[in-house]
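Each chain gets a letter, A, B, C, D, E and F, in the order it is written, and its residues are counted from 1.
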Amino acid sequence: MAEKGKKVMVTVRKPPHGSIYVQESIEVMFIFATYEMDLSVVFLDDGVLALHAGQDTKGLGIKGFMASLGALVDWEVTNVYVDRQSLKDRGIAEDAIIAIGKDDDSGAPIRPKVLDTAQIAAMMTGQHSIVSF
Amino acid sequence: MIISILVLEGPYNHEASDSAYNFIQAALAKGHTIRGIFFYDDGVYNATKLMDPPQDDRHISKRWSELGATGIDMVVCIAAAKRRGITNEVLAPNIRISGLGQLASMIHESDRIVTFGD
Amino acid sequence: MLHTVNKSPFQNGALENCLRLARDGDAILLLEDGVYAAAAGTVKSSLIEQAVKRHAVYAIEADLKARGLGNLIKDVRVASYGDFVDLVEKHTVHAWL
Amino acid sequence: MIISILVLEGPYNHEASDSAYNFIQAALAKGHTIRGIFFYDDGVYNATKLMDPPQDDRHISKRWSELGATGIDMVVCIAAAKRRGITNEVLAPNIRISGLGQLASMIHESDRIVTFGD
Amino acid sequence: MLHTVNKSPFQNGALENCLRLARDGDAILLLEDGVYAAAAGTVKSSLIEQAVKRHAVYAIEADLKARGLGNLIKDVRVASYGDFVDLVEKHTVHAWL
Amino acid sequence: MAEKGKKVMVTVRKPPHGSIYVQESIEVMFIFATYEMDLSVVFLDDGVLALHAGQDTKGLGIKGFMASLGALVDWEVTNVYVDRQSLKDRGIAEDAIIAIGKDDDSGAPIRPKVLDTAQIAAMMTGQHSIVSF
């Protein structure tokens, strides 16, 4: 039987749509959340581009995964972080990233929490396992 | 130490499969336990028995099958495999198709997970 | 010549490699993850800001929309796949994979 | 204009297949001729009929088969395919396995070749 | 922490990304095309020349030999796959793919 | 029937061994040469790393393709070029790159011809088709 509570991190560093890695990393997050791991997710480097507002893959004829990303919180993927420097380098305002769910009470959008690189490094150090995409 | 391995790229095209295999051989030689090998993303292509490389080159799915025969749990992700046409029909011996939950179980039951990809 | 670039400029040197070799008047088409280079206000925007002075630079519209990119560098031309076909009709293509 | 297309990456994993398909549709709509589509490197995975993506997503090998049905020559490189387990057994309709010479012929008989890959 | 890097430093930012985040004392293992970063006398040598001051830096021997790399940056440690296993025993791993 | 003499270029920009692209590009060169195209081959960017002396893939358990690369001239792939700047950036001396064949008379090694980027750009412009790896 699976033991509960191990600290597991998923990092997402690839840009979306040019390849399927981001989409398949989300499938991993959804499953890991059901295993009641102590799961955290970090968007880093080109991975932060997945959080860009207003993405619409219809013109590519690709289903895409924006709906899944917007429902992370519903799937109990709640510890979601994004690297401040990666956003800045890519010209993405911290308050412009997409919501990954809504607050149950207030209905306010929940966004990934913006962290400094040193905070992410510290968090990484404490993990039992890290799976990277 | 109990180790699990995640392979994210297909055979021959990227070195990931070879690095994973060489790492695993070294770990076994040192007496460590490989709990499982999970094939995800294009990694699922490692599992086709239909591959037929030149005779003087390595046969990657045979190598995996041989590891599977020693009792190492070899799992191909079903969702990634369906997209890419890896079905039971073409599956090499001693490899099974199952869900991502198996990756979670491998992590729970291992001291370390090592990812090989591109 | 038409040069196509499909890699993120933040992670991969393909666009810089292309710009090093491309001759004045060559056209450059950004597609797939390559379209991130067309975005204004990034650490890599200067690449295309300079490139538009020497090249007609295009970015595939469907790829821009997929990535939510609306605020583009001035003089980047938004292109349909049909425009891509027209460019191919005019030029021999080199893909900077 | 007569165009041939070279596809170097597998379906779903990279956008190359989708870009190629969208480009081809646009070229056909403008009345151009597609002499052939050549699948090489991991591109050979485009040709498996066993792929079974989610119902609300595109079916990439079916799309290629449909193009093949219109008379476009769809060729998978035999050497690349053998390594990767793409055989006649799993080949989608209206696609054939042949040698790299077919790519040379496509180039000879086309005004342009456009490469999609990673 | 053990950080693994498998990309050419000339084409891909993975090593720079890794070095931006890695903490003093973290180990770094170069493998596959990542071992090109261990070569002395290239435009990217300074990355590892700096990194060895803060990190133990390893490069997989079989990958170095495959690429003909013998003239390495001082203090880079040549590692077997067995050494890689020992590093994994000591550290949690993050692969900078 | 195939028409003769079209100017066709193969460019190699990926590094060797981490992926199979260089190897599969060589297979293309061998076949194209038999079609009596006016074939030229250019090693550029990380592709020049394939020309590094002393490569031995035995330790990887990979067959490799150094033998094929050393026999390009035997297969009549004779117009082979390499970008000077790419070599320089990677610390590879121009006289240290591998031979791709031997002169029939003198037995002297034949190496890819080192060109400046502008020369390669000019050569590229005159092609009927370019296939890139």
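Simple rule for what comes next: contacts are C-beta pairs under 8 Å (C-beta built on N, C-alpha and C of every residue); 3 or more make two chains touch, one makes a residue touch a chain.
It should be emphasised that the depicted structure is a prediction, and the values quoted were computed from it without experimental measurement.
Listed by label, the chains that touch chain E and also chain F are B, C.
Distance from chain E peaks, on a Cα-centroid basis, for D. Taken over every residue number at the interface, the positions common to chain B and chain D amount to over half, indicating a same-residue contact. Set against the Cα centre of chain B, the chain with the most distant centre is C. The interface holding more C-beta pairs in contact, when A-C is weighed against B-F, is A-C.
Separating the centre of chain D from that of chain E, both taken as means of CA atoms, is a distance of 38 Å. Inter-chain centre distance (chain B to chain E, centres taken as mean C-alpha positions): 24 Å.
For the pair chain B and chain D, the distance between C-alpha centroids works out to 28 Å. Shared interface positions of chain C, i.e. residues touching 2 or more other chains, are given as 6, 10-11, 13, 32-33, 62, 92-93, 95, 97. Touching of two or more other chains is recorded for residues 8, 12-13, 15, 22, 41, 54, 112-113, 115, 117-118 of chain B. Counting partner chains per residue, chain F has residues 17-20, 45, 60, 62, 128-130, 132-133 touching two or more of them. Which chains touch which is summed up as A-B, A-C, A-D, A-E, B-D, B-E, B-F, C-D, C-E, C-F, D-F, E-F.
Of all the residues in chain F, the ones that touch chain D in their complex are 2-3, 6, 8, 20-21, 24, 27-28, 31-32, 34-35, 37, 128-133. Across the complex, chain E meets chain A through its residues 1, 13, 17, 20-23, 92-97.
Put simply, chain A touches chain E in their complex at residues 11, 13-14, 44-45, 85, 117, 120-122, 124-125, 127-130, 132-133.
In the complex of the two chains, the chain C residues touching chain D come out as 4, 6, 31-33, 60, 62, 80-82, 84-86, 88-89, 92-93, 95, 97.
Against chain D, in their complex, chain B makes its touches with residues 10-13, 41-42, 45, 48-54, 61, 82-87, 89-90.
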